[in-house]
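Note that the chains are named A, B, C, D, E and F in the order they appear, and that numbering of residues resets to 1 at the start of each chain.
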Amino acid sequence: MKNPKTLSHVDQDGRANMVDVTEKSVTQRFASASGYVQMQPATLHMISRGQHAKGDVFAVSRIAGIQAAKKCADLIPLCHPLMLSKVQVDFSVDTQLQRVNISATCKLAGKTGVEMEALTAVSVAALTLFDMCKAVDPEMVIGEIKVDRKSGGKTGDWVRSESN
Amino acid sequence: MKNPKTLSHVDQDGRANMVDVTEKSVTQRFASASGYVQMQPATLHMISRGQHAKGDVFAVSRIAGIQAAKKCADLIPLCHPLMLSKVQVDFSVDTQLQRVNISATCKLAGKTGVEMEALTAVSVAALTLFDMCKAVDPEMVIGEIKVDRKSGGKTGDWVRSESN
Amino acid sequence: MKNPKTLSHVDQDGRANMVDVTEKSVTQRFASASGYVQMQPATLHMISRGQHAKGDVFAVSRIAGIQAAKKCADLIPLCHPLMLSKVQVDFSVDTQLQRVNISATCKLAGKTGVEMEALTAVSVAALTLFDMCKAVDPEMVIGEIKVDRKSGGKTGDWVRSESN
Amino acid sequence: MKNPKTLSHVDQDGRANMVDVTEKSVTQRFASASGYVQMQPATLHMISRGQHAKGDVFAVSRIAGIQAAKKCADLIPLCHPLMLSKVQVDFSVDTQLQRVNISATCKLAGKTGVEMEALTAVSVAALTLFDMCKAVDPEMVIGEIKVDRKSGGKTGDWVRSESN
Amino acid sequence: MKNPKTLSHVDQDGRANMVDVTEKSVTQRFASASGYVQMQPATLHMISRGQHAKGDVFAVSRIAGIQAAKKCADLIPLCHPLMLSKVQVDFSVDTQLQRVNISATCKLAGKTGVEMEALTAVSVAALTLFDMCKAVDPEMVIGEIKVDRKSGGKTGDWVRSESN
Amino acid sequence: MKNPKTLSHVDQDGRANMVDVTEKSVTQRFASASGYVQMQPATLHMISRGQHAKGDVFAVSRIAGIQAAKKCADLIPLCHPLMLSKVQVDFSVDTQLQRVNISATCKLAGKTGVEMEALTAVSVAALTLFDMCKAVDPEMVIGEIKVDRKSGGKTGDWVRSESN
């Protein structure tokens, strides 16, 4: 994908600009994003060992991520309101890198891409995980939140290049 | 700070648990958090060169971050509702590392810490910056969102250790 | 309607699952739900006798119910956001059973049923009625909130069986 | 508790009236409320047998209830905004009566009672449980939502009378 | 009241600035604001003649105004979240000037003034009145929304000067 | 446009009524609205002289207006939820009349008009401007909020008559 010469979200005078999608056609949109929360081994162990504890810690973060995806247009000023047809949030524990990896996918039959919704789901799921563990591990770091794939619309399929 | 043995946000049976702060005393709370959005040099140049353009890109992200801090209890399920007395969001451009650094500070005279509010402000300011630049640079990465300092409450002053 | 073997809202590993409706076709959806608030005869008399008083008590509850139907996806985590084309909330006073009966109907041309929206409208209208009368009658009971009819989608017309 | 002669939430002309609590003193408030979702034995079995499935079904409903308590003033027009210091939502399965019993307790150091918050938590937890099971059991009934106990404020301790 | 030399809501570099009220003392705050909706005589007659119709048109607008006051910090980016202890919205019909006059008062024991809350209540009550009458009278005008009085805080009592 | 004989938003018994748009066809909708904030010359000068200051004052108000348009159905009880495809908010300084003029346009491919969204954008942008300047000029007046043009739907093109 070539870079356009101008930012779509500010006009020629630098003013905030919500892109006009009135005439855009409705297509099936998909986007996936990911990120992680880095934590101490003991913290990671604490939330992932028992079935019981694990249930609620990840369940609460998952719900927070799903709910946040639906609130994206309320959180990000120039996002269009839209009606997500699917939000999924998944977690995997990487004991090697001492991280909980978070991924989210969003779907929509609509006029705009849904990568901001997927990124928002990952971000808020990460914040919720942070909130639930901060009493035992205040130095956690939320990292590498990025778009991995998207499809639909004029751009068509897009996959993140490997080097990034 | 020693690690407690248990997570405060799940009870002994692993169920989500909102901490009871009814009896806690009201003290002056402060927290600062930071993070960054990594982008291509051309993108960084585009949003930081002109006074005009810069105005709105950062102004929109700042407002989004401030508003998000106020919505923290709505986004993060086990956070307590609270009445922030101050939210500040700042940006600095690091052309060396090709990043926009974002920092946020929150204040409150209340019963709970405000680090989640500061982290939420940074996260949503970063997402908004991403949204405004994604048409020219879809491979941006949001990174290293973390708490830098906090004070108030039983814990007292806390500063992130350098090695992290 | 036969019972499916599995819950649609948790996946095979028991994790919360928002149903994917991307490929579903848009049909006209309708749902009606009902419930009641049981109260002391004196309370019922107080809110239903005069035209004046009646106006605002029921008007406030009606508005609360309509507004809540629109917020359904924000309240119920796995509900899809949707654009209701009609919400109606009605009240009738049953002096025999000492109840205010509440019913709500919702309509949509969309991909998902709207029974949760109708149930939410009834619930919040009932809560609002409770709030307005609680100073005189704190022992009120909200009861029998249920779906009465729904149509549209793959299931087609569905009417609650009499015995329930 | 004697019944007052007038409704506090409508003025003498029947107009909606938000009670003025400016001069009220701040006391420790507590309220508990309960209700149930009645369902088919097979449904009850499905959500309560396995540890895994149970985890998320009840976890999602619990989170929805907690979040709803925090939104009470947004849902119920004449409720005052307030800063809950604790919300707890619990479930118990009654296989005899074929019900999931839901209870919620709310706490606050503030100027108004929190029974509407507890009732809202129960209602929305019940609606969420309904949403998650409706595909297998559309004839569920949400019932007997009521205040069980409250304390604090001018009224002091109040316990629901047994006969109700 | 003398004009300060600088805007409190932008810093010296022109960046949006939420005023820090952490150290401010809690005092009793009061503010009243007003405005009107100008309409055709026939429209005014239609909403004010019958007791019945009048009930709901003004009841809906009143509720919308009260609810909006509670959402002020969500609508106006640099407003502080606060816990209003009282909101009142009143209407009076002026057949001479062909207007519905709207007034709102807000109260709070807190650290910030509540004039923005009162102005927001008037504005949204006016918009709701407009919405309910727009099918018969699309040329209505909402006018003269202003603060009339405020008290509390460092400024003390303030009354709008007559000439304005 | 002829005036209908009855209000669409109350039924024959005077009860609040959300118009049923289920069967309406989807057409391209457009609406523009305007209003102003009247202020002292010194205030006007303060917010419009420097590029820097101007940036954020108007940027914040613009964002507030755009965000409010998206929240219209949450603010105005009988408005339908809808998915705006474009919101634009503009400001112009009139030093002669000592006003900041505000205009907003909204677009949608949908079943309902978007004039309430445009009016809401103008109103909240005006309130935000008021908030940012109130410390230096508490006697500002928000005035003449009205619909200027709309198109789409059964009514077709509509332009405000000049005399109003």
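As a working rule, contacts are C-beta pairs under 8 Å (C-beta built on N, C-alpha and C of every residue); 3 or more make two chains touch, one makes a residue touch a chain.
Computed from a predicted structure; not experimentally measured.
**Q** Of the chain pairs A-D and C-D, which one is connected by the greater count of C-beta contacts?
**A** C-D
**Q** Where among C-F, A-D or E-F does the B-D interface show up again, with more than half of the contact pairs the same?
**A** So the equivalent interface, with over half the same contact pairs, is C-F.
**Q** Averaging only over C-alpha atoms, locate the centres of chain B and chain F and give their separation in whole Å.
**A** So the centre of chain B lies 32 Å away from the centre of chain F.
**Q** Centroid of chain A to centroid of chain B, CA atoms only: how many Å?
**A** Once rounded, the distance between the two centres reads 16 Å.
**Q** For chain E, jot down the residues that touch at least 2 other chains.
**A** 14-16, 52, 55-56, 59-60, 63-64, 67, 71, 74, 77-78, 82-83
**Q** Assign the assembly's chain-to-chain touch graph to one of these shapes: line, ring, star, complete, other.
**A** The chain contacts form none of line, ring, star or complete graph.
**Q** Taking the touch rule as given, give the residues of chain F at its contact with chain E in the complex, in rising order.
**A** 1, 3-4, 6-10, 13-16, 35, 40, 42-43, 46-47, 50, 52-57, 59-60, 63-64, 67-68, 71, 75-79, 115-116, 119-120, 123-124, 126-128, 130-147, 150, 158, 160-161, 164
**Q** Chain A touches which residues of chain F in the complex?
**A** For chain F paired with chain A, touching residues are 28, 55, 58-59, 62-63, 66-67, 70-71, 82-88, 107-109.
**Q** Any idea which chain F residues touch chain B in the complex?
**A** Chain F residues touching chain B: 51-52, 55-56, 59-60, 63-64, 67.
**Q** Can you name the residues of chain D that touch chain E in the complex?
**A** Interface residues on chain D, with respect to chain E: 14-22, 24, 73-74, 77-78, 80-83, 111.
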